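Order of writing sets the chain letters: A, B, C, D and E. Residues in each chain are counted from 1.
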Amino acid sequence: MVTAYDAAPDRLKAGPRGAKPRRRLSRRNIIVYGTLIVVSLYYLLPLYVMIVTSLKGMPEIRVGNIFAPPLEITFEPWVKAWAEACTGLNCDGLSRGFWNSVRITVPSVVISIAVASVNGYALANWRFKGADLFFTILIVGAFIPYQVMIYPIVIVLREMGVYGTLTGLVIVHTIFGMPILTLLFRNYFAGLPEELFKAARVDGAGFWTIYFKIMLPMSLPIFVVAMILQVTGIWNDFLFGVVFTRPEYYPMTVQLNNIVNSVQGVKEYNVNMAATILTGLVPLTVYFVSGRLFVRGIAAGAVKG
Amino acid sequence: MTSVSVRDLSLNFGAVTVLDKLNLDIDHGEFLVLLGSSGCGKSTLLNCIAGLLDVSDGQIFIHDRNVTWEEPKDRGIGMVFQSYALYPQMTVERNLSFGLQVAKVPQAEIDKRVKRAAEILQIQPLLKRKPSELSGGQRQRVAIGRALVRDVDVFLFDEPLSNLDAKLRSELRVEIKRLHQSLKNTMIYVTHDQIEALTLADRIAVMKSGVIQQLADPMTIYNAPENLFVAGFIGSPSMNFFRGEVEARDGRNFVRVDGVAFDVSAYPARTKLQPGQKVVLGVRPEHVKVDEPGAGDAHQAMVDIEEPMGADNLLWLTLAGQSMSVRLAGQRRYPPGSTVRLSFDMGVASIFDAASEKRL
Amino acid sequence: MTSVSVRDLSLNFGAVTVLDKLNLDIDHGEFLVLLGSSGCGKSTLLNCIAGLLDVSDGQIFIHDRNVTWEEPKDRGIGMVFQSYALYPQMTVERNLSFGLQVAKVPQAEIDKRVKRAAEILQIQPLLKRKPSELSGGQRQRVAIGRALVRDVDVFLFDEPLSNLDAKLRSELRVEIKRLHQSLKNTMIYVTHDQIEALTLADRIAVMKSGVIQQLADPMTIYNAPENLFVAGFIGSPSMNFFRGEVEARDGRNFVRVDGVAFDVSAYPARTKLQPGQKVVLGVRPEHVKVDEPGAGDAHQAMVDIEEPMGADNLLWLTLAGQSMSVRLAGQRRYPPGSTVRLSFDMGVASIFDAASEKRL
Amino acid sequence: TNATDLEVTHWWTSGGEAAAVAELAKAFDATGNKWVDGAIAGSGGTARPIMISRITGGDPMGATQFNHGRQAQELVEAGLMRDLTDLATRENWKEIVKPASLLDSCTIEGKIYCAPVNIHSWQWLWLSNAAFKQAGVPVPKNWDEFVAAAPALEKAGIVPLALGGQPWQAAGAFDVLIVAIAGKDVFENVFAKKDEEVAAGPEIAKVFKAADDARKMSKGSNVQDWNQATNLVITGKAAGQIMGDWAQGEFQLAGQKAGTDYTCLPGLGVNEVISTGGDAFYFPLLEDEEKSKAQEALASTLLKPETQVAFNLKKGSLPVRGDVDLATANDCMKKGLEILAKGNVIQGTDQLLSPDSQKQKEDLFSEFFANPSMTPEDAQKRFAEIIAAAD
Amino acid sequence: MTGRTRGSVRPNQWLRNLNAKIASIPMILTALVIFVGGTAWTVVYSFTNSKLLPRLAFVGLDQYERLWAAPRWLISIQNLAVYGFFSLVFSLVIGFVLAALMDQKIRFENTFRTIMLYPFALSFIVTGLVWQWLLNPQYGIQSIVRSLGWTSFAFDPLYNSDIVIYGILIAALWQGTGLVMCLMLAGLRGIDEDIWKAARVDGIPMWKTYVLIIIPMMRGVFITTLVIIASGIVKVYDLVVAQTSGGPGIASEVPAKYVYDYMFLAQNLGQGFAASTMMLVTVAIIIVPWAYLEFGGGRKRG
């Protein structure tokens, strides 16, 4: 095969070799990375203050420069926050509530997501009369301040006979997670090809089989998204954790609150900071681990409105 | 004996009526193609037969059993979708066996059927792969396999080949045809590709806005379209239409179009053409003869565009003030601007009443 | 005079080299089609020419100007995408005029160009609509319009018709052809549909894995494919291939395939065929004669499947242990099972070396 | 007998408080029962909905802390609380609880529903000796001297009066000012009798004048929490703070000594009167016999002299019975005890006003102290309205 | 039962999709019992003078009269309007801009994303405290800048009644924009690559492409984000408590805090319910018609 190149006039062959301009990208890069780094500083500044403070002793904190690095690094506050800080008579720090938090978070996250995903699935694929109405109510419900609902829910739980139990708390988390999660799942499932659903129906799969065997395996990203939202919300929840349960179930945030919120007495800021960071570690870990899936999941779920 | 029969089927989405009192009978072992442009209700009809949409009114019988309100899985149908609709997280094997497992078919039986389907469709080497690791053609084969293992008598295809490129399309078309010849079951096949319709169908139902325009075998549809819509819809490039008036002269009938008179005496009209009647004369591009010696009624025309297509050559010309196309076998070239003499074979032409658009 | 010329173009995505030292010259007013299977680098090449991808090495000239590092908008090109890429929330009119407004073209000029483009593409009635209110064909027309108003000399099309159905595809194909004839500008058109390639192109570049396999006019590509890949890629159904050995007998050359000997004496070989040479004989389905009286070298075969396609009839048969296809003009029917006599027209056949896969 | 678990909820969670609670628990456990601690930090706002939910939700705790006064009144009226009258009569609480108003606050329609445990007083002015030294003025002996010293302090770059941003601090400071400036009678007329004439009258106008001074002096405090404000005094950045006796703990923790490093002026050095607010325990009605018995045991334990001493020493508050000896109390605490002994006491506003009125008052004073454009006259008018509507 | 009769009778509408209906029971119950029932309950009791416990002692519109006479409530409403407006605008703008930057095929995307998202994981109680410090003129940013030599620099939003709500906004954005950014980024990733190419060939500048083409295409994402942000705004409480307790004075009060304070601190449930009823009515007036258009009203899937 003869290339046309050989036949081209010399002028072209010698033609100005376009220099590969590097500048084209670099100015843009300066803007992009510059902005991102400045913004990152804004995000990181409080974290810096928290970490620095958590490594100082109280006398140093009283001196007052919150930005100054610790003169003398001490891990005392961390130890104290985790294992020694007192809640009334119980002086075993956050560790006391840790397992309770796990005991609350795991079933609450699982059940709230399970319920919301099934709702979203039913709304997206098995639409029935009136479903839209309930969904609209649900979305409006997302705007109701939680506190207002405390008494009615106390009454409902009491009548159901689950007040003060873990079950009750799980129900509450499920209820309050429902609006946003259902929205997420509904949009996600609606974005999946409808033909898959039809194919499964022809194959004889029913409501639950389709959900478990077809939809669920395809929706892991959105489940991760929901999990991140719920883990963060439930893990950091304080109010429901104490209002709707009894002391043997009190989550870690009760300790956190106790450490941070003592009104009369000394505020140990270093312990506060350590406790906050410690408490945040679990959701943070979830973010780190599932960061990539997070973006992908929302992309699939939320893009269709 | 009818395999599938649809009686007075109506379907509306809210206020929109998509199907209105539609009737259709499909014989045992017949290959019926539903053909029509986008949005005419083909998929809707197929989904009704499959039980994926609740009908608003009417009945559906499969093997003389009224299945109007039965679940899809109980209707004895298999279905293949345009987008393959394979379960992405399952291997090909699982995709094939899923329905059977749901139906609690014994494992041995499942294996047997999967094996058979895989053999028929030649996808044995793919059984352990996931759909994402397959090419488009292979995916569609698996999708067909999924219908196959169900061991049902009625297959429903919803534009199974639309997502494939031309080459694959023609290959799979042959395979589906072969499959039908060997299985001899009933197939209802939705497409808007007329090549598929013509090559595959025993009978074609041409639909428009939810109404079946003509239901007949491919050659009848092709050669004797019942109305203007069917005539224009079938054939690529489209049939050339000339609107004109019937004129009787010297005992012969002509259709006069913009000053040009076409001799239509040879046309086998069902009812006698009335002079003065407004009609539409339709001639397929491949039924136009070019520069044929001895053709009596020849018309001069100039080539606008030439489209050589390898096996044949497509000419676009202007005649009687209208653009028309001509398809010539072979590779004889007519550069744009050259003049040709055209003659029409009235034996295979069509004439429609201009008002009712019905064949005359 | 070249309009677009590509010199030693290389492009890698990370470690993957998609294009490697590719050269291509396109003349003024030429319609060049880039044809190749999926993933061979067609879009990549087009994007490089458009300036949408930064080349790794090499130069691109448009009208003898080195534009390798210029912004797309400054290259004097217009581009049309497979997915239309219309701005969904803008009216058709805004879609057309948006780029010009941004470039601060005077309003009067904008109006003029939009009007002209709308006229050419016959989308005047659609100007006030949003893309979502258009059919696929109309959308693609608008997308072409968007390139048109830019008043550039080079148009780039990336599979503009792939998302359309067959009927629309053939209509728009004609329009693009017409557009080219009237505008006479350079067009580079990517497709993997060979019908489009054959009908539209002045020259076709057949690509495989980033390498141009053959660059020639459509008839040359169709009739004298340079290698096995090009031969198999062009034509639908595909060219029939028979792998065999050259045999000289009685002063005639034969290709012996599985016991059947094809007389290839009439083949216009470039280099003399050597007895014993392993070759591949290629015959297009439309170059096979069926039951033709007086054909010397005839072979018996049985019809497996028949695909009547309206204007012609496609037969699938088995010959020399191989499945092959035959395309017959007209409507003569051969039901499956019937036996036919085949003869090949060696004047338009192809023979390739089995090892190098090059045309002999 | 079997030890009965009794869950006790309270909001005493800081170091000193928890140590004090431990004393209660120890004493209770000694009775053969078991104290199950249910501490919730964050004062009433956080703890109260929890406690009320538990009680109304049908899963009550064994005992719960409230500020005695009117917070639990409705729970009592709803029949959810246990009547302690029998026990109180048996153990003669009427005699031993001093001042008597403490028990009055527990009494609803003649029945006693709570056991008071301590007295906290609000009426203290805490002064930084170092700050005055730096400004070159002597440490004031009373409020007027303090106000007079303000310009000098400001000149030295010292905030005269530290005041945290939380609303209850402003409202509390004002209550302290009423007693100090207008006297005990006016205080009682306004808060106990809800006399709006007095509230709108000239005496209170004087108090608002003083509050206006305080407002000016507190400009630049820029802290939220009360202990941050106390910290300003400790570090000498601010000269003084009006705060309850619990502030003492902060000075102690910072290693400061009363008299040398800091000075405390009860009743702002003007009217040496202190209020007798404090904490009390309420006992929800339980069905379980065993637990009911344990409740009685707890109530009785709370008022035992040993418990009172041990608890209040740790807590830094005053005992509810006059017959115990606090030899180890520090300087300021002793001042408080003396005043108590003299009977110069008033009831706290918690006891006198409904929480609703208290909250409105907080809103008013936090706005007043933060917003210099609000005139004392306007504020007084709104104050009078609140008093008029109070119940 | 033969097939003929089984299949030919139109089944009871209530029994069709039975499983879907059963599966939706939790949603239906939540919607009806909790959201509708709870709301109705709240509204009913807002006409009573319930104090510590809900009691059906009706007092007509007294609670509402008092509510609308309370300066604190009026300020709360104002603050919510200001905070809501800016929070919405800035969250969307910042979230979108960050997402757009992140979408430039940058390196370390995962790191940047995590940095922006981590505040979302931390509890309000302490992050409020940290921001309180940072914005404190004595030891926060102001003092740092002053110590660097710019002695007239003033930055004390939390202690200035006029701008305190913006100080709260700073922390709110710090907490919430990461999530918005993630949602937006996801939306951007869903945009057809060809649109970008078409815009480049048309010579449309980057920012114009975003504003005029991309954003209108991301309607769905914006709606999801809007619901999430807006529901957070209406409910904003913890952050204010942690940072300013509503101060200075009552300058940074918000409605949810009013509700909470009056319900639990003031023990005046009736007042709290009246306030929350007003909030709900406002929300409902805005949301219901929109939500029904968006999610109901016969639109096809999605």
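Please note the rule applied: contacts are C-beta pairs under 8 Å (C-beta built on N, C-alpha and C of every residue); 3 or more make two chains touch, one makes a residue touch a chain.
Not measured: the values here are computed from a predicted model.
Path length between chain C and chain E in the touching-chain graph (shortest route): 1.
Separation of chain A from chain D in touch steps, taking the shortest path, is 1.
Should one ask which of A-E and A-B has more C-beta pairs in contact, the pair is A-E.
Chain B and chain E have Cα centroids lying 54 Å from one another.
Between chain C and chain D, the centres computed from C-alpha atoms are 90 Å apart.
Centroids of chain D and chain E (each the mean of its C-alpha atoms) stand 37 Å apart.
Centroids built from CA atoms put chain C at 26 Å from chain B.
Within chain B, not a single residue touches two or more of the remaining chains. Shared interface positions of chain A, defined as residues touching 2 or more other chains, are 64, 147, 151, 257, 260-261. Each of the following residues of chain E touches two or more other chains: 16, 138, 260, 263-264. Residue ranges on chain A touching chain E, taken from their complex, read 28, 32-33, 35-36, 39-40, 42-47, 49-50, 64-67, 115, 118-119, 121-124, 126, 128-129, 131-149, 151-153, 156, 174-175, 178-180, 182-184, 187, 190-191, 194, 206-208, 232, 236, 238, 253, 256-257, 260-261, 269, 272-273, 275-277, 279-280, 283-284, 287-288, 291-292, 294-299, 302-305. Against chain D, in their complex, chain E makes its touches with residues 51-53, 70-72, 132, 136-138, 156, 159, 161, 243-251, 260-268, 271. Note for the complex: chain E touches chain C at residues 192, 194-195, 197-205, 208, 212-213, 216-217. Looking at the complex, you find that chain B touches chain C at residues 37-38, 162, 165-167, 170, 173-174, 177-178, 181, 192-195, 198-200, 218-219, 222-223, 233-238, 284-286, 304-305, 307-312, 314, 316, 327, 329, 331, 336. Put simply, chain D touches chain E in their complex at residues 44-45, 48-49, 52, 56, 71-75, 78, 165-167, 222-224, 237, 354-356, 358-360, 363, 366-371.
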